[in-house]
């Protein structure tokens, strides 16, 4: 525990250093400030943007889409991943197919989603789900494979039901791998939804970001990126908090 | 009834037209509702219409021709613009290069096969020079130009006005005047839709051309709107107003004299960009709808 | 029915659907051209696709080396050393939270529009999941094994190569799978965004002019890359199978483990 | 749902705890060659007996126990527990204490002990109380809040024993439960086990390497030989109960111990 | 590089194998409270002695061994081995056989035994030969190609012992190495260990729970008490060597055994 303070300090120091570097590079003109507006400018812009009702609404829309997609993709993907890891037959059938699906850039299928869902909430959520599910499946498989056989044997000897085995043995045992997977999935999810918004939309933060990018409004663009990154990081920290609470038994 | 309008990118004049129509309640005056969706580019907008997510869109004739080959039956119902207004070939301010000097150099375009690519190809053919077209995406045009990764860039409006105003780049070729007039963009609907709901289409184009009329008549309101929509200073918005909005077609009548030739020229230009199957002009246009601008 | 047969049936089913759905007009050809027209499109422009494949393949291989090699190595280090872990991991995963796709056009300013920027983008894209998976996998290693190795005087690198790696091999391999797939996606996506060569370039070019058969010919090539990569991983897996005895993957034939599978089925 | 008319209870009270092993064999398929771990083992254990299994290292004791627990399927033969064949683990019939402690590292000692109860949905308060009792029994009062990695080898083994005891099944299989304990703790725990056994009437199958312990605890001792595992002797220990430490130096005790010892010596 | 003039060898031959533990304490910081595992332990072991450590479960024997091996830093005090303090594992000075077998599951038995040699870059042929010898010594000839999960509990422990033996360090720390073995194997292995010890002049520190084994093997027996771990007795076993099974029933043997037994009884 005595290291926690030092580590937090180091972390803050690194963040400050990165921001300072960003500021200096831009201010001194080592990097053209038109291409990389300074950190301070970006954050001022961010402040302005966040005041705008339109941006707030866009953020809400995006957040709703992201959450909906995530809430569907994670349980669904986890169950499939579980089956793939635990059931030989299912794994033999599905593993290569899932892998191939995973390796194709998802944005190619964006028009398909418009075809099926039209342009709107369902399409964004659908695409977010689609971009996330494969990584969830693959990560869950990895996580399941890290569970020790002996622990499963013990649970079996006590007649644990599948649900009990899942929640009382698999879950705690694979937590570190699983949380890592959650983190990555969230990022995929966010990127997926934003891509879908950039592609075709009426609202959402991705819609705004696309416009800023095409208009060469670097300050707004960077502020938008910071906004999205902040959402993802907040989620990251949330996961880390869970992790810290659950993994204290690891030495 | 609701008409779903598909617009390629936000900071492009069709958005201003459609937004004006909405804000001035022109659609309502026609007794319909409008729903605006913004896509990332012309091709995506076209796909949106093909997927049934948009009823009327703005795109060049070449896409209509390509789409028909792929089983997406649509036609241009109204002529929106007869030139590449605001599109310019630009070099950094400090650069001394002229169009002729670009031979063997690199020129940024947004995407292969896109409008900017067609203009670059036209430049190559027209000026009898050769340069490499580098697709960098809309967001990559100015950064790559300023960073010197490319010697020149084909820039759309109002980005072109913005960077020339800020002194970062200058224009060496203005496509609005350089390219002979051709039908660069029109309002497009699916044949199916036009057959099923001709009234709706008619009302929609009425409102859109009503908006064009309104904008021409109300400079201040429109400049303010552009500034707001594009998040740009009023000076740039004013440039956009003068150089693009004021150049738009006011009647939109596809049956007007010279339209066929303008479409043909547009398709010929597209051939440069790799479009293989060009259809006859009659197949890509429809003269059924003659816009009657909604009055304020 | 054996798993392989079923899988082949599924693949055949997909192929048939691919041909039939567009032919019957259930899906417009613009969205999904029939398989035959896709193959014809690819075949007629084989030279162009061959060239693009070469470019993409080169970028994929280089990025793969960076992403997977670097990811595994750093993941192993970060996963086995607690101090750097608590310091670095949050940073790294936060960094990944920055949506690079959006910033990619700006990226090219510094890295150019050639292969370098694709390689950089794809490496970063594939690096993180590989690293995070490796690091997380390593944390599940029995600490007693590391203690035993230490007692025998294993140096850090020996522990890494002889204990951490083999113990984490299943996790690392799955990390590799994810990372490798992402590298392929990363290269193609960045080519689609900004480039003048490669499969992604062809895809986005043909897409702009609504030439869907050519687009899907490109997608088929990407699929081909994925299949090749999968074969490579399978080969490694077979090689590593000896190591895996005693772990779950190795237990697969063991009754005890297949019994343990019951709850899942 | 309609009440079922002809439900036959799985374990008729009379046979609860009976174990029957008939012509059981176990072959492990190896990569290069197959290993015959057990060859034609048959034995019958009456309900309520305390049976000790001894035999040289690697003779198949753990394997036999795993099969009795339904955790491993025998290659040949049948195993019947409480009158019904055992094909999969059934905690209502059989409980196991494993040779290796196999505690869940993410649970504290008491949570580990509560685990089997939690699976059955025993209310929190009740299972906490039971876990505390069991921990006290194995001499780990006050260690409930520790995680396995904070316990010594012998302590972990005792937590594992406590976990086996809270389940309270009619048949308890224990695989070298006292191996990591010092002699004093071992004796105390042996006596505790005998007390619980006498009070509950369980059938206990107990593996040990200590011949003294074997004779001291058992009603019957089954001696196995190695490669392939076979039963070479099945002794009845007729010493009166309760057993006392004085008996250890008695002649009857010595004779039994020697008889087992001769088997072990031959086959190890 | 210039030859260094004043290199003092780390372990002057005379002191090689000597162990000195001075005022050593170990406190584990827990989340709620701290645990004093060892409190002010001091002892001195001369090179070449066979020292047995006994004490109730959880008294800190493993902890003490871990510190001697440099695998855990003591909270207070110093530990010197072969004349130099031990601050980190040093396989040239100390080898360990762990209480839990801790074999690498992905290696075969023989590869596990070869592991420490491979770390030092011993050529393949040589280490293979050494591993075979060691496996033979522990009675596992012919099991070299098996993986740990294919071995019984006792077999795993024996592989672990073999792994400790091939390392051949001047000091060998063994934490309950025979716990999972049957009495016959245990005796044979004990005799083998004594033979190796006599032939090589190693210092051996050996933890066991069997008091008979302790007296049978030891030059000295160190008895520890629990919570906090302290040394309560340090006996010299003056029985002549080689030890024989007949001695087990002798009076001297019985007296020593009883003395230890009384300590254990009190503190467990």
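Here the chain labels run A, B, C, D and E in written order, and each chain numbers its own residues starting at 1.
One rule holds in what follows: contacts are C-beta pairs under 8 Å (C-beta built on N, C-alpha and C of every residue); 3 or more make two chains touch, one makes a residue touch a chain.
Just so you know, these numbers come straight off a predicted model, no measurement behind them.
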* Asked: Looking at the contacts, which chains touch chain A and chain B alike?
  -> C
* Structure fact -> Contacting chain B as well as chain C are chains A
* Structure fact -> The larger set of C-beta contacts, choosing between A-C and C-E, lies at A-C
* Structure fact -> Cα centre of chain A to Cα centre of chain C, whole Å, reads 17
* To do: Can you check how far apart chain B and chain D are, centre to centre, with Cα atoms defining each centre and the answer in Å?
  => 82
* **For chain C paired with chain D, centre-to-centre distance based on mean C-alpha positions, whole Å** => 48
* Structure fact -> Where chain B touches two or more other chains simultaneously, the residues are 47, 50-51, 138-139, 143, 146-147
* Asked: Where in chain E do residues touch two or more other chains at once?
  -> 100
* What are the residue numbers in chain C that touch two or more other chains? -> 28, 30-31, 105-106, 109, 143, 247, 251, 256, 259, 262
* Which bits of chain D are touching chain A when the two form their complex? -> 69, 71, 88-92, 94-96, 98, 100, 102, 104-107, 115-116, 118-119, 147, 149, 167
* Structure fact -> Contacts from chain C onto chain A in the complex sit at residues 3-4, 6-7, 10-11, 27-28, 30-32, 83, 86-87, 90-91, 93-94, 96-99, 101-103, 105-106, 109, 128-129, 132-133, 135-137, 139-140, 143, 170-171, 174-175, 177-178, 180-181, 184-185, 188-189, 192, 200, 203, 215, 219, 222-223, 225-227, 229-230, 247-249, 251-252, 256-265
* Asked: chain D touches which residues of chain E in the complex?
  -> 28, 30, 32, 35, 54-58, 60-63, 99-100, 145-146, 150-155, 158, 175-176, 179-186, 188, 209-211, 261, 264-265, 268
* Can you check the complex and tell me which residues of chain B touch chain C? => 41-43, 46-47, 50-51, 62-63, 66-67, 70-72, 111-114, 117, 132-140, 143-144, 146-147, 149, 270, 273-276
* Interface residues, chain C side, partner chain B - complex -> 25, 28-31, 33, 105-106, 108-110, 112-113, 193-196, 201, 204-212
